[in-house]
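Read the structure below first, then the notes.
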Amino acid sequence: MKVGFIGLGRMGRGMARRVLEGGHDLTVYDIVPEAAAELGAAGARVASSVAELCDGREAVATMLVEDRSVVEVACGDGGLCDSLPAGSVHLAMGTYGVGAIRTLEDAHAKAGQALVAAPVLGRPDLAAAGKLGIVAGGPPDAVERARPVLEWLGRRVFEAGSKPETATAIKLANNLALGAAIVAQGEAFSLVRKYGVDPQVLYDTMTDGLFSGAPAYSGYGKMMVEGTFDNVGSPVWVGIKDANLILAAADLARAPLPSLDVYRERLLGAIAHGDGDRDQAVLAREQARACGLE
Amino acid sequence: MKVGFIGLGRMGRGMARRVLEGGHDLTVYDIVPEAAAELGAAGARVASSVAELCDGREAVATMLVEDRSVVEVACGDGGLCDSLPAGSVHLAMGTYGVGAIRTLEDAHAKAGQALVAAPVLGRPDLAAAGKLGIVAGGPPDAVERARPVLEWLGRRVFEAGSKPETATAIKLANNLALGAAIVAQGEAFSLVRKYGVDPQVLYDTMTDGLFSGAPAYSGYGKMMVEGTFDNVGSPVWVGIKDANLILAAADLARAPLPSLDVYRERLLGAIAHGDGDRDQAVLAREQARACGLE
Amino acid sequence: MKVGFIGLGRMGRGMARRVLEGGHDLTVYDIVPEAAAELGAAGARVASSVAELCDGREAVATMLVEDRSVVEVACGDGGLCDSLPAGSVHLAMGTYGVGAIRTLEDAHAKAGQALVAAPVLGRPDLAAAGKLGIVAGGPPDAVERARPVLEWLGRRVFEAGSKPETATAIKLANNLALGAAIVAQGEAFSLVRKYGVDPQVLYDTMTDGLFSGAPAYSGYGKMMVEGTFDNVGSPVWVGIKDANLILAAADLARAPLPSLDVYRERLLGAIAHGDGDRDQAVLAREQARACGLE
Amino acid sequence: MKVGFIGLGRMGRGMARRVLEGGHDLTVYDIVPEAAAELGAAGARVASSVAELCDGREAVATMLVEDRSVVEVACGDGGLCDSLPAGSVHLAMGTYGVGAIRTLEDAHAKAGQALVAAPVLGRPDLAAAGKLGIVAGGPPDAVERARPVLEWLGRRVFEAGSKPETATAIKLANNLALGAAIVAQGEAFSLVRKYGVDPQVLYDTMTDGLFSGAPAYSGYGKMMVEGTFDNVGSPVWVGIKDANLILAAADLARAPLPSLDVYRERLLGAIAHGDGDRDQAVLAREQARACGLE
């Protein structure tokens, strides 16, 4: 199928390659020419603008970090709404807020196009291997049209509902649960440290029992035990960005979420203490600071 | 080995049977004669008092719900301290507080006996099958002496440290992480419900990804999706009992634990709304109440 | 002095009248013609646009509810930046966020004008009587030029600093302390109600002792005792608007503020339960709901 | 009237002197002989034991710090219950928990005596001047019998209800509101400091407006502005003791109190950072630590 891909960062690069490997006709664009050139070398057509990329595309996927970037790409002059053929689908695959998704949904509807929010679950290695989890929300017919590329990109596609924001809500709720799990592990490690316990024993106990098999515990807990937070998977500054998206979604929905507050405040504290670029596992150190342990 | 077992409730009954199956010489006692008689029929000697039970025992395990019960059984007139042979071991296998464990430790030391705190991880079915996780804390030689029965009762023995309270700290920290996970799932389900999402899709997303394989999510999340909280594994009233033990341990250690506060307050709210006897998964309903969803 | 006033709502109306009473040359503007006409009848010149209002003004005060309104009025086509004489002062007197104030500051600087943030403390009756507290932040010379009108409007002018956002920070910090005081009173009343105490006795105790004389307690506490929240001074929806401004200011500054979270969540809960238009004292009822008292 | 006074610490000393000044027949007792001797020099009869003190007393006031102390003095061998004449009144004037008060109430009832919980509001200087606020809870006839001494000790007597615990609930609720006010001021000062504001300006703004006249703000805020916490009125270690009494009262009543949690955690953090003996105003420094300001 004729696909466009915008946003070739750590995640997007691997996803775009995966689309190529699926035999799709791919055009790519990124504000960083080198990023696009790399995909060009791999066989993709490289567009010099969003407008040029849109030419004849059945679906265009965006994988951008900030809400304002995706809104600009979609709604700005010469953006997706101006340039995509009628009936084509915008796959918004980054983690965007409910407000941005509603803005995109309205703009594409006016332009006779469809928005499918399709945020992904997984890190770059899974992206490159086509093993992402994908949560898809949008008009069923649009989801159907995009299915070939979604199923090639993802290990599994979770269908959230016929409104794009349903997929956003699931992605944000999943991140809320993750944030709370990181914070709680940090508190658990601080508590046992106060009693002179080797953190490894708590790690073994947790990952062998109630939390066995869950990457949210085996991965973050391991970093907490080792006390090394510089091999960064998901940094604190991305955590606060996402936490603020969850907060805004909860605000719109009038949902008090006290666990989110605890997570947000620890993230802010970590940034205030200079750990903003470290992995979110560093919240264990922020918790230890609050306990007078560091 | 010559073993005594006190406290034949839902957990203790299966554990005591398991000790018998291990070919150990077992004497049992419970304040409820019927509970003891059942083990007698299975081949255990039934004592009519704690003092009588202690006769010639190398190790006595207690599996009681309340701190005050285990302190009374150990330190009361004719209790374990008065009646156990010198050199024998008290295996405190319930979830007790740091204060109670310190009281027992001192009392047994004065009496020439040893305390090993050995709280268990798992529910009655695992107990009966010898598949519990066991966290053991206490003097290494005492842990060694008790090892035959610990290894027969447990799938795995986690060695916390040479102070009994190290095992307590790990058990409480593990329960803290569990409580936070239950609360966060409740918040996640409330958030997606506000956006009209079928909770099953969030459940599938979470249990397929970051939280895959972890009973703390698959089990509690399932009850939250179904909205049925009356098939009770771990009730709210036990949750608040344990939350208060965690709080006391954090207080002694000067450890601020905000996730614990969020968990405790939801537990109190659930009890205030009449859900104290339901499974702790009902915290999802308490969260929904806070969101105006019920 | 030659003054303009934009935003003639409940607060602005009284403030503008007060400016007239001070003998100043006043031009007013409001998107609601009736509001402006009322001031016209009192002797003010009524402008038909922001641009017309700016003509020859030494200072223009804005008293608008939303950040986006004041940004539009100042930075939009024909707005204050386009229309005010060089050297004149924009007195931003509403409760605006740090982000909006920074936007205004830059825009006015580019236009050769000055921004003074001058948020007010007090309700409409105090506004009409010139008894407001005013916190002023901005370039000292601009504050000096605006002093005649500020001192006529206010009982007292608090000088925050030479950056407009310093005044914003003080206003938001003051509102944070107020929000926390409202929430804490709600919790205190719930606690004594659980023990069968007449709330009036708690009110008498608090307002006679540690909290004597403080309107934040005498006023809100009285409504809580009476349980009537429909005589609205400051509604919940304004509370959440301000709470989100405080949150954004704390986010920019990397300041974890747990009391703010407790306040925000109760506000969201109150809205979710249908109390969004009631006075913020209704947070006592929201607290009572959490306790199973309503 | 014939009065006994037990507990001659910083508060009790001044209260006992005040009783003497009222012309009452006073016998005193303290475990520290010097403390009692000082009152003896002032004209009080000094008893060598609680039992001796009780002889012929119509009312005995206790002003002790810990729950366990007052329970021991009342219920221990030769304590108040054993030694007071039938019909006499025990005035429990310290800040005790609901559990302890219920224990005392039952014990005195069995002994044919009455318990009146009469916790006081105010510091040593007010105590010595008879200017305390007193919250009285207990059987109306017992409160009447004790009224001469209560009115001489207090500026005002607040009648909470016919159960002693009603007075406890009011005292604890008042302390909860105070704790929340201290924490919120700390957060407010941290926020403005992040914006480069002189804390004095926030102090002036708050104490001139919504919080004018309230000692809870003028006193604690002043210490926060000066950043000196060693002139100790109410230390952190007393704060955590009282916070835990509030927590226990809320637990018994099933009342979730999130503001209490924020207060408790900051107190624990302050102790963990070595500020346990400083005035509770030091919570502002603990808050600043969380913001990376110290």
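The letters A, B, C and D name the chains in turn, as written, and every chain counts its residues from 1.
Keep this in mind: a residue touches a chain if its C-beta (ideal position, glycine included) is under 8 Å from a C-beta of that chain, and two chains touch if they have at least 3 such contacts.
Computed from a prediction, not measured in an experiment: that's the story for all the values here.
Among the pairs B-C and B-D, the greater number of C-beta contacts is found at B-D.
Distance between chain B and chain D, defined via averaged C-alpha coordinates, is recorded as 38 Å.
Remark: chain B and chain C have CA centroids separated by 53 Å (rounded to whole angstrom). Looking at chain B, residues 250, 254-258, 265, 269, 272, 290-292 sit in touch with two or more other chains. Taken chain by chain, the contacts link every pair, so each chain touches all the others. Contact residues on chain D toward chain A in their complex (touch as defined above): 258, 265, 269, 272-274, 289-292.
Only residues 240, 244, 247, 250-251, 254-258, 261, 264-266, 268-269, 271-272 of chain D touch chain B when the two sit together in their complex. The touching residues of chain D, counted against chain C in their complex, run 98, 121-122, 133, 135, 156, 158-161, 163, 165-166, 168-170, 172-174, 176-181, 183-185, 187-192, 194-198, 201-202, 204-206, 208-217, 246, 249-250, 253-260, 262, 265, 290-292.
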